[in-house]
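What follows is a set of notes on a single structure, which appears directly below.
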Amino acid sequence: MFMREIELKGHIIDSLILPKVFDKILEMGGDYKVLEFEIGKRKTDPSYAKILVIGKDEKHVDEILSELKDLGAEIPEIEEVELQPAEKDMVLPEGFYSTTNHKTFIRFREKWIEVENQKMDGAIVVYPDKMRAEVKTIRNIKKGDLVVVGHKGVRVIPPEKPRESGGLFEFMKSEASSEKPKETIIRRIAKEMYEIREKYRKTGKGGIVVVGGPAIIHTGAGWALAKLIRMGYVQALFAGNALATHDIESVLYGTSLGVDLKTGKSVPGGHSHHLRAINVIMRAGSIKDAVEQGILNRGVMYECIKNNVPYVLAGSIRDDGPLPDVITDVVKAQEKMRELLKGKDMVLMLSTMLHSIATGNLLPSWVKTICVDINPAVVTKLMDRGTSQALGIVTDIGVFLPMLVEELEKLEKEKEDKDRGDNER
Amino acid sequence: MFMREIELKGHIIDSLILPKVFDKILEMGGDYKVLEFEIGKRKTDPSYAKILVIGKDEKHVDEILSELKDLGAEIPEIEEVELQPAEKDMVLPEGFYSTTNHKTFIRFREKWIEVENQKMDGAIVVYPDKMRAEVKTIRNIKKGDLVVVGHKGVRVIPPEKPRESGGLFEFMKSEASSEKPKETIIRRIAKEMYEIREKYRKTGKGGIVVVGGPAIIHTGAGWALAKLIRMGYVQALFAGNALATHDIESVLYGTSLGVDLKTGKSVPGGHSHHLRAINVIMRAGSIKDAVEQGILNRGVMYECIKNNVPYVLAGSIRDDGPLPDVITDVVKAQEKMRELLKGKDMVLMLSTMLHSIATGNLLPSWVKTICVDINPAVVTKLMDRGTSQALGIVTDIGVFLPMLVEELEKLEKEKEDKDRGDNER
Amino acid sequence: MFMREIELKGHIIDSLILPKVFDKILEMGGDYKVLEFEIGKRKTDPSYAKILVIGKDEKHVDEILSELKDLGAEIPEIEEVELQPAEKDMVLPEGFYSTTNHKTFIRFREKWIEVENQKMDGAIVVYPDKMRAEVKTIRNIKKGDLVVVGHKGVRVIPPEKPRESGGLFEFMKSEASSEKPKETIIRRIAKEMYEIREKYRKTGKGGIVVVGGPAIIHTGAGWALAKLIRMGYVQALFAGNALATHDIESVLYGTSLGVDLKTGKSVPGGHSHHLRAINVIMRAGSIKDAVEQGILNRGVMYECIKNNVPYVLAGSIRDDGPLPDVITDVVKAQEKMRELLKGKDMVLMLSTMLHSIATGNLLPSWVKTICVDINPAVVTKLMDRGTSQALGIVTDIGVFLPMLVEELEKLEKEKEDKDRGDNER
Amino acid sequence: MFMREIELKGHIIDSLILPKVFDKILEMGGDYKVLEFEIGKRKTDPSYAKILVIGKDEKHVDEILSELKDLGAEIPEIEEVELQPAEKDMVLPEGFYSTTNHKTFIRFREKWIEVENQKMDGAIVVYPDKMRAEVKTIRNIKKGDLVVVGHKGVRVIPPEKPRESGGLFEFMKSEASSEKPKETIIRRIAKEMYEIREKYRKTGKGGIVVVGGPAIIHTGAGWALAKLIRMGYVQALFAGNALATHDIESVLYGTSLGVDLKTGKSVPGGHSHHLRAINVIMRAGSIKDAVEQGILNRGVMYECIKNNVPYVLAGSIRDDGPLPDVITDVVKAQEKMRELLKGKDMVLMLSTMLHSIATGNLLPSWVKTICVDINPAVVTKLMDRGTSQALGIVTDIGVFLPMLVEELEKLEKEKEDKDRGDNER
């Protein structure tokens, strides 16, 4: 028998941290005794618990404590992180600490350092000179990098559940279902997006990343995404070859995969349109070149170029072509995506499982993440793969995007009217 | 070896009747020789084929011919139908002819009689005195009814594929998929509905049956269905206890299954609202009584009462309550549905698998059938069960219905403007 | 401002009762102060909390307390239930208490009485002479029935989460997903079923109800369900006309909806087989008559008759026929289902959304409920509709059932071998 | 008005070529007259039709003829293909001919040359010196390549529908549905695979490519795929980082994404297992190195190495790591896949939408393609994207693969028994 004390502080009951701690201890075959417990008397007060964790031997208790740390427990005897150098490029030391997507601190030289570039499934590399630490993916590990091993000196802060009710995210906390009042939901998302845009316009900080799939174009909602970009609601676009090619095809030929978007009918010879669209861009040199040469004069990609919205078109094994702008090496594409995600406030995932999961892998858990798909399984899969903060809306992107644009326009008009009224007074 | 000649006439190539005939013969282990063949020289000309069907023995050839008749082949030696009386109520004679949902004629006393009340999976009962014949379900068979047995003297006319292109139904002939241009599709449905309503207003004939599920209310689109009724686009409503109860709940308490349709949040005590709604109607006596007592003053069911739109609320094993208006005996509910379907031009199936399949079972194959559901499997299942004329639209009913109403309003305004212009000239 | 004290006892942290209580108070616009709190020191100790609930006025606090009672909170000043007589048949008094599916007690004449026939969405009727109370559905309410109104004197006990880990139900607590190790899951279900059967054999108590859909027959797994019945694993069968008809069709003609189950091909004339199957039973009189006349000599329905397993074939609006054994009035079918569910240990829901939700509506929350479907949405819907205890397995019934039978046979053989070994020693 | 004659030969009625030709002409606004028509008198005789195509002007008729050629029509005045050199690398000449996945011939220097490396959405490059032609993807086009433009001199042969009935592919021709007799289907696939393997063993030609997703491992069926490889039923494996990593994780740690495959429960610290598995392979150098160093000693990837089965692990934007064996550049991965697909007889696509569509893009239409997925939408999408030859089986891979192995073992045993019997006689 071996024991050790741990402490828990904060909204540990509301955020379900305490029940999870008890669960985990029992699940791992350990036991516990509550030594002290003080519950927050009022809703703003934090609670406090001191718990004795009991295990078979020191190793067993250490294993339990490792898990509890990931849940946010604090071990009172503060210990330094343990570091080990990487033996060669792209190889981590045995027993490396594998990151979560939650906010993480490490105890190094008696200071708590916040880890930068938080994402799940990476390793923490420490730079002693600069007193900094960051998450690196295994491919970016260089020989000699000082990597955190074990759980000692690592503190994880899972997002606490907000006590105040009423926000969009509180509202949609339940499971993804197609049977929700849709006009209400769209109105709330519009409001949230509007506020982020206003903040972005004032401060140049934050903003929205849109991750989009080709169904946006197939369902005839391409014009709505293009408009969102023009209206200033998109600070970066992540997509694949398909979205960009279908968008360009729709501009050049009026079709998406050969289907006329006006009549909904297949056009003779239409099956070759997407390859012809790619060839047009190949000849021009790039999407930007095509815009500058006047060949491409509207649509999603056009608006990106015109409004200086950076984009990542990530290659996929199923690509035709692909377009010259596509980053065919997926590791390089991930790097660029990670770069663009830094500091963003919201990610809007629209009808693409592949790119949504990819983006989720790169996101810290405190970014607002909305996933819209007609297939409820996409949301479930995204959350199963760790992006548990994602809120799912099960609907048809072809009607959702036009309605979202309409709501944003109404909202802007209201604000304008109000401002005008304010000025006149 | 045994042989027999058959003839095929009409658009047998375009409508794929000829290839199907060849297929069926080979599939059943028979063989064939083409004796004569004349193809329609121009698109409006019918084609003609005389084919020798070869089988192992007379019985084998007869079996093949039975199948070919259901495909529309004509056997030159015209034979009378064979009739046998039902031995007791609800029991058909051995070897009864089981109907398809296609237009059917029988040869009786040297005349071709069109069979009335066509639906799939029934039996044909002949009334010699009146020289009439109709499809009856097994439950409606009375002792002594003269029932068609075997395939002799039965002629089936499957719907020929229209040569003219461009209609809504030609447009959507391909499989159900969520990836279609949605605004285009909605516009076309609106146009078709508008024309049916105009015809109905002039002639009092035809009209539209809406088959609806509770998701209409949950997704906040109840107001749109209510408006469709008010605008005159619904000549009958088929639903279950759930649609009606949630509609009434939403009017009385603003919630659907306890979820506030304005805020999307669960309301305290809301889980009991649907039972309370049922209790309110129970106390009033019926939905109509509740409308007349001023208790129910808007919503889907209210509009049905106010606009004299007949409805069938069919009972289901999963019903709570149910409402006093629900027909709890499903065989009786089917009878009433069959009555209301007579002569209708279009059936709009909205987010309900159970009631859609039920209605499909009662429909002849020449009625325009549109099935809207977020789940593509619903459409597939409907077609697998024989309603092969159904056209599927995979989308979110919560955004589809409001858009449909919007399109119909636009269309009506256009027509009005045009009429006014015509009058002024 | 108005306040009132409440008490919570038991495993209120592990079972998430405490966090839910805090949530609910804040959500409803109230506030709270924790007066006393004692956490169970060891895992077997219950915890205790005394909380002051603060609201705007007495009505507000009463509303909050009503909700907290459904979560399991106890109000220290013990009050009697309030009763009101029903004014007429099928009409409940205003403000009736609407039941959950959790175990419920009422305080009547200073005693706590357990409510019988627990199910969700009913009303509690009290029989003072017998000191008994039961849940009645609205249709069964008779004029003069004494019905509980308001929340006073009602105590709800939600199932506490078991602290011991390892059972099947603990194991599958996470969401329904197709991506789970399937052979492992099937083995565990087999074990659970085996134990229930053994208990049933010894005591004649409990047992398993199977709720089945027609996909069981279409996918060729009918023989496996028939075998389960023969092996003694089914104490009641709930299904619709479809399962029974397809089963009988498969026995009489070797097809299911006209598809040959040996070759998987459509059989000529096969579309009429299900109607012919119904006609055969119509002529015989009933399924039992057909078995006794030697017409039906194997299959699912045959085994039910031979093994005296009661069944409910509940009518549905989409039925063809239906068979004479089908209860076409859904309210009567529900009554019979409720009767058969009494005291059962497990419900196995196999590929039927309609009948699964219907059965869920009638079940108390402490019955083990397993729902097997290839479509994950079925499980989600079942839980959304209140059957939150259901555990979902997303798999193909056509391969699941044969494997389950195989596992049960292995298990029985192991036990036999063990028993034989025990005897020889 | 402008007209031109075309000829059609072969099983143009059974294969629906004639109806499609008529449809297409009318759809494009043209008209036709049938000049001659001779139908095959017996099932083995080809049919013949001479048709006059009528259009508005020469351009219109040319457009129609282009489309008809893709349907298999022959234009009597035989013309040579028109060639144009590519102006620069990766840029095709304006008006290039975009390939289908059907067998294609070109008329060049008065000879019909079969085009090599057939796949959809490529361009045809002609090598006059060698009198050869091949399909090249746009990325592989080199400056100066002689590319076919327009439709002249191109002949497409769509797969004719086989007249003989009974094969697996004829059997499953209908749509993907979960409601099919599963044991029957699995038995037939096993038979087909057995024959391909025997042919491969004798001739070294053809064989089976497996395209697999990670659900194989998650559902606990990894051992079955490993066994298929060992039994000689896999000649190449296409997958992503996920399948390989989870397979290796399951061998090293007994888990898949941290879920214990024996107990189905999450293992403490399990979320890091896949990264640890990648790190183990990183340190070893490659999967092959890990096998040779004895670190990896069973599983799917181990069997590939041991049985010299080539594999392509194609990179994806959502990859973690990825493993050193993953080809992170998707264009390079496609090249290698195309190489390995050459001459294969069957492709088995198991629970992966991304890799299935990617493989479909590279496949000629005459390769037998089976797609197994629990989600019917995967099959629909695959066919929508052009792989119309794919046959879909909607089932759970976790039970399908073990059953397939069982059936193959039975089959092998039967053959052995038969051979032994033959030898003894």
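Letters A, B, C and D name the chains as they come in the text, with residue numbers starting at 1 for each one.
Definition applied: a contact is a pair of C-beta atoms (placed from the backbone, for glycine too) under 8 Å apart; a residue touches a chain by one contact, two chains touch by 3 or more.
Worth saying up front: this structure is predicted, and the values here are computed from it rather than measured.
Visitor: Taking each chain's centre as the mean of its C-alpha atoms, which one ends up farthest from the centre of subunit A?
Guide: B
Visitor: In terms of C-beta pairs in contact, which of C-D and B-D ranks higher?
Guide: C-D
Visitor: Take the average of all CA coordinates in subunit C, do the same for subunit D, and state the distance between these two points in whole angstrom.
Guide: Each chain reduced to its C-alpha mean, subunit C and subunit D end up 45 Å apart.
Visitor: Hey, how far is the Cα centre of subunit A from the one of subunit D, in Å?
Guide: Taking the average C-alpha coordinate of subunit A and of subunit D, the gap between them is 34 Å.
Visitor: Can you check how far apart subunit B and subunit D are, centre to centre, with Cα atoms defining each centre and the answer in Å?
Guide: Centre separation, subunit B to subunit D: 39 Å.
Visitor: Which positions in subunit A touch two or more other chains at once?
Guide: If we look for residues of subunit A contacting two or more partner chains, we find 27, 179, 377.
Visitor: Mapping chain-to-chain touches, which pattern fits: line, ring, star, complete or other?
Guide: complete
Visitor: Which subunit D residues qualify as touching subunit C in the complex?
Guide: For subunit D paired with subunit C, touching residues are 171-172, 178-185, 188, 215, 218-221, 256, 259, 261-265, 374, 394-396, 398-400, 402-403.
Visitor: Where on subunit C is subunit A touching in the complex?
Guide: 13-14, 16, 18-19, 22-23, 26-27, 31-34, 37-43, 49, 163, 165, 175, 177, 179, 376-377, 380, 384
Visitor: Can you check the complex and tell me which residues of subunit D touch subunit A?
Guide: Going through subunit D, the ones touching subunit A are 24, 27-28, 63-64, 66-67, 87, 90-92, 96, 98, 100, 121, 123, 137-139, 240, 268-269, 271-272, 274-276, 278-279, 282-283, 314-322, 324, 328-331, 333-334, 337, 354-355, 357-358, 361, 375, 377, 386.
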